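Shown below is the structure under consideration.
Chains here go by letter, A, B, C and D, matching the order in which they are written, and residues are numbered from 1 within each.
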Amino acid sequence: MTTPNTAAAAPTLSEDAAAVVLETRGLTRNFGGLVAVNAVSLRFLSGQTHAVIGPNGAGKSTLVNLLTGHLPVTRGEILFKGRTITNLPAHRVSQLGIGRSYQKTNIFPAFSCFENCRLAAQSRLSTSMRFVRPALAYHTVNEKAQAALEACGLARHRDRAAGTISYGEQRQLEIGMVLATDPQLLVLDEPLAGMGVEESEMLIGLLKRLASRYTVILVEHDMDAVFSLADVLTVMVNGTVLESGPVDMVRASQAVQDAYLGDGEEAY
Amino acid sequence: MGELPPFLEAHGIHTYYGSSHVLHGIDFRVGQGETVALMGRNGMGKSTLIKSLLGIVAPRQGQVSVDGQAVSGADTHAIIRRGIAYVPEGRGIFHNLSVREHLLMVRRSGAGKRREWNYERVLDTFPRLAERLETMGNHLSGGEQQMLSIGRALMTNPLLLILDEATEGLAPLIRREIWRVIRAIKDTGIATVIVDKNVRVLLDLADRHVILVKGEVVYDGGPGPLRDDPDILKRHIGL
Amino acid sequence: MDLWILLIQVLNGVQYGLLLFLVASGLTLIFGIMGIINLAHGSFYMLGAYLAYWLAASTGSLTLSVLLSLPIAAAVGYVIEALLVRTLYRRDHLDQVLLTYGLILIFNEAQRMLWGNDVHSVTIPPVLAWSLKLSDTLSYPVYRLFLSAVCGLLAIAMYFVITRTRFGMWVRAGAANRDMVAALGINVKLLFGVVFAVGAALAGLAGALSSPVSSVYPGMGDSVLIICFVVVVIGGVGSIKGAFLGALLIGLADTFGKVFMPNFASFVVYGVMAAVLLWKPRGLFA
Amino acid sequence: MSAARPIVDRLPRRLLVVLLILVALLALYPAYGPLLFPAKHGFLLQRLTGIMIVAVMAMSLDLLVGVAGLVSLGHAAFFGLGGYMLALLSPAYEGANLWLALPLTVLGVAAAAVVVGFLSIRTSGIYFIMVTLAFGQMGYYFFNDSRVAGGSDGAYIYVKPTVELFGKTLIDLDDKLTFYYVALGVLVGTYLLLRMLLASPFGRVVRAIGVNEHRVRGLGFNPVLYKLVAFTIGGSLAGLSGFLAATQYGFVNPAMLSWHQSGQVLVMVILGGMGTLFGPALGAFILEFARLGFESITDHYLLLMGGLIIGVVLVLPRGVGGWLLTVTEHRPADPDQEAP
């Protein structure tokens, strides 16, 4: 079994402290007696798409929630560009430039698609404690929202209520909202969950475009998508890192094969 | 292999979550005493199919019958009472009930006054539970919760046991233990529907395999063709 | 001497607390298990009190009327659950607040139509209408002791039912995860109906039992409702144990508040609640 | 929280027309009232004034309940506090100076709302309902049990506040007709103020919190801050409403702060249609007119009120305002609305 630190030995980038965007050190989270994330130490490098896979209950979602401040950490540290962000509340993490999407579609269904993105873009105003001028009169915010809407391919649904577009489009909107917050790092939590075939293909296209422009942490179930998108792959099982490294290496690993197909020795 | 007389039969199940069309006209049957593996990647509709069969989610179209009786539209408890026990994904353990209470709250004889499974036998089967009788649900480990969920299901003396991801997220030793019990249950002649990621075990254990892709059945048959042509699995399930 | 007065106050506080518990336990169960905020719960308390007064006047026996008011309150509760509350399970809490608020108005008006606006008193049965002499100047009414004993016994019985019986296990399981209860083959609709009816019956019983002590008057359900909500929230919504301790806490706080801060007694009760919630935002036992 | 919270950016034109007609009917009432209801005109004028004042409170509560998702059952505390501030600021036998009394009242109530809000916003759901109820009841018993401003008997405000500029009386609040128009002005003004707030960046955030607070935090806003400011604004407007009510009746008593008052206004908000602003104001009129109507039919009007409320819950889940929005929004063919 390789150590998690092999992630840093990715082929495309040398290990350079400056290139480490996000790092976890011994990150641990307990729920009662259950250790959902257990001493996870990972490095996420600038410009890379780093996928995290693993069976249900492996701790992927908990990891995302810890990285983005949605859950407090039990033990360990999280560093963003060298500064600790451990246990910062979610809104502060977001303001630092870590944008996340959610596994379960998490939008404002009654608002128009544009308003969803506009609200996201508005979060980058110095403050939203502005009471008099209409929100729609802030043109830079509008432009950012429109750009995000176009980037996620929903410009044609600009004025439709987000709850009325198709499920796949809602997943796209979810990503559009993240883009509208000008993130430096994207944390995408199962962006393909529950999508149809054509919808998946469309979204994978979108993710590919994003992968070339952003540093991405991608938590996903869909193997095809992961293999076609990721530079680095981390496999989690039972809250711990089973393997981490370049995609092809991890893919060939026996331990990973077993985690997915069973170890065959499970005589009963 | 001759077809077993059906215990549970479903035809043309269409289920929606809101406007999202999840199941596209599924036919599904379980013979008496038959072990059926329900397979497919995440999000393909396996759990939704089970919930539709049990009336936990109301299908928009389709018929379900249990033991020859139509149960479409019936309340969940009434469907369950026809001899089905359900071990849900996530185990469905009550945080505020002890192990003992979990077992006693559902103790009943099955169809035809069958009483094969009782408190003592369940505890014999899961010795770890016997050691933790007064422990509350939220203080059990994942493996203990899983054993309790299965033990609780057996207390109802079912004719059909549905196991949704019963080995998910468990340590290998515990998984082995769970598989041993499932095999033992199968051998007592209880029909089972098993959803699991462990394809190798399923190929060995199940009489019949149903593979779902995007809410449709793409394979329904014995394990033979799946063993002979690994491509089928690779395409629909595997790495 | 002071010790006797203290004892009397403690007895009063405990008696009030136990009475509150009878009402609050139903409220907390109905919210904890069924997810229903039932503002009309106090109306069952009022119903019990008026039934006791009315039946005692016509049958001449308070004991009989208390026993009769119990099934009547349960039946009214069951019918209301089946006709109205059942439509609200999947609805917003605010719809429940609004509908049960409407029910309060109807109950209050029905009370006025049937029994008028007067304050009525109910006579204590002769067997219990005497006082225990504590000292030369102090005595304690036996009926209050009897009331505490009955409420205490009911609390114990409830504890037994909840912790030891299958029905109790279903109720607790329902509070944790009602869909799973149905998936185990238990008729949740019926369970909910019964819980609602039992809650109504307990509140009605509390009203009937306390009628000789507190008299019977219009709007009596509203004040008990609010104080019971305080009890439930202090204890943690859905927790019977919490309701019990919360009820005793409020009973004692109210009684001693009246002794030590006669001008701010009610203020004390709400102050206790605010303090508890600031310390534990989800109550003591949530 | 309910995901189907209606969004009212621009009112449908037909609805706007309906609302303008209603406002015009109110504005012209003093002209046609004496002709239509010769015997009851004075009474109705007073009643309408009172309803408009309560409608202001209902809209202020809608900002909390319908927009921010903060279900407060203690809103009357701010209403009552506004009234008591006026009573305390009024010298014994002369009118308070409005230029002083009004800002002081609003500031005082705002300060109380900041404190109560700061303490209650930590909780959520039914706990928030109950904490606000507790604070409301604390306010009630504070005025009921203490000797402040007459205790449980309440206190009279013998002379209405004076509105003077350079020694000249601008507005005579003692004049019933003048006061009627003041109330109408405040009603329309509050509505427009809240509409402005809702359209602002602040309002958008608060509205989003009411729909999905978790997501708002994920986008980088601190919801606690926005909820606190919204709570304070809502409380202050309720204080303004209480100030006007005390001015109208010349009397304050602890019942102004009671949970009954909070509950009644909450019913106006839900019945009128949460989150629509105009709906809760309509709710105030509907409930009060229903009461007037039922009172004239039977002594047991509460029975009918209860039935009306239950009926609305069962038949109009989004309240009267939500229903009005749906019927006036009726757009014939919109190709973009077709599912792809």
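Note that in this section a residue touches a chain if its C-beta (ideal position, glycine included) is under 8 Å from a C-beta of that chain, and two chains touch if they have at least 3 such contacts.
Just so it is clear, the structure is predicted and the values come from calculations on it, not from any experiment.
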{"item": "Chain at maximum distance from chain A, centres defined as averaged CA atoms", "value": "C"}
{"item": "A-D or B-C, whichever has more C-beta pairs in contact", "value": "A-D"}
{"item": "Between chain C and chain B, distance of the C-alpha-averaged centres to the nearest whole Å", "value": "43"}
{"item": "Centroid distance [mean C-alpha coordinates] between chain D and chain B, Å", "value": "54"}
{"item": "Geometric centre distance via CA averages, chain C-chain A, whole Å", "value": "50"}
{"item": "Chain B: positions in contact with at least two other chains", "value": "19"}
{"item": "Of all residues in chain A, the ones touching two or more other chains", "value": "166"}
{"item": "Residues of chain C engaged with two or more neighbouring chains", "value": "none"}
{"item": "Complex contacts: residues of chain A adjacent to chain B", "value": "32-34, 55-58, 166-167, 193-197, 221-223, 238, 251, 256-257, 260-264, 266-268"}
{"item": "Of chain D, residues touching chain C in the complex", "value": "1-2, 65, 71, 119, 122-123, 125-127, 129-131, 133-135, 137-138, 141-142, 144-146, 259-260, 263, 266-267, 270-271, 274, 300-303, 305-310, 312-314, 317"}
{"item": "Parts of chain C lying in touch with chain D, wherever the complex brings them together", "value": "31, 37, 84, 87, 91-95, 97-99, 101-110, 112-113, 222, 226, 229-230, 233, 237, 263-267, 270-271, 273-274, 277-278, 281-283"}
{"item": "Chain D-touching residues of chain A, taken from the complex the two chains share", "value": "68, 70, 89-91, 94-95, 100, 102, 106-111, 115, 118-120, 122-125, 128-136, 138, 159-160, 163-164, 166, 177, 181"}
{"item": "Contact footprint of chain C on chain B as seen in their complex", "value": "54, 56, 75-78, 80-81, 86, 88, 92, 94-97, 101, 104-106, 108, 137, 152, 156"}
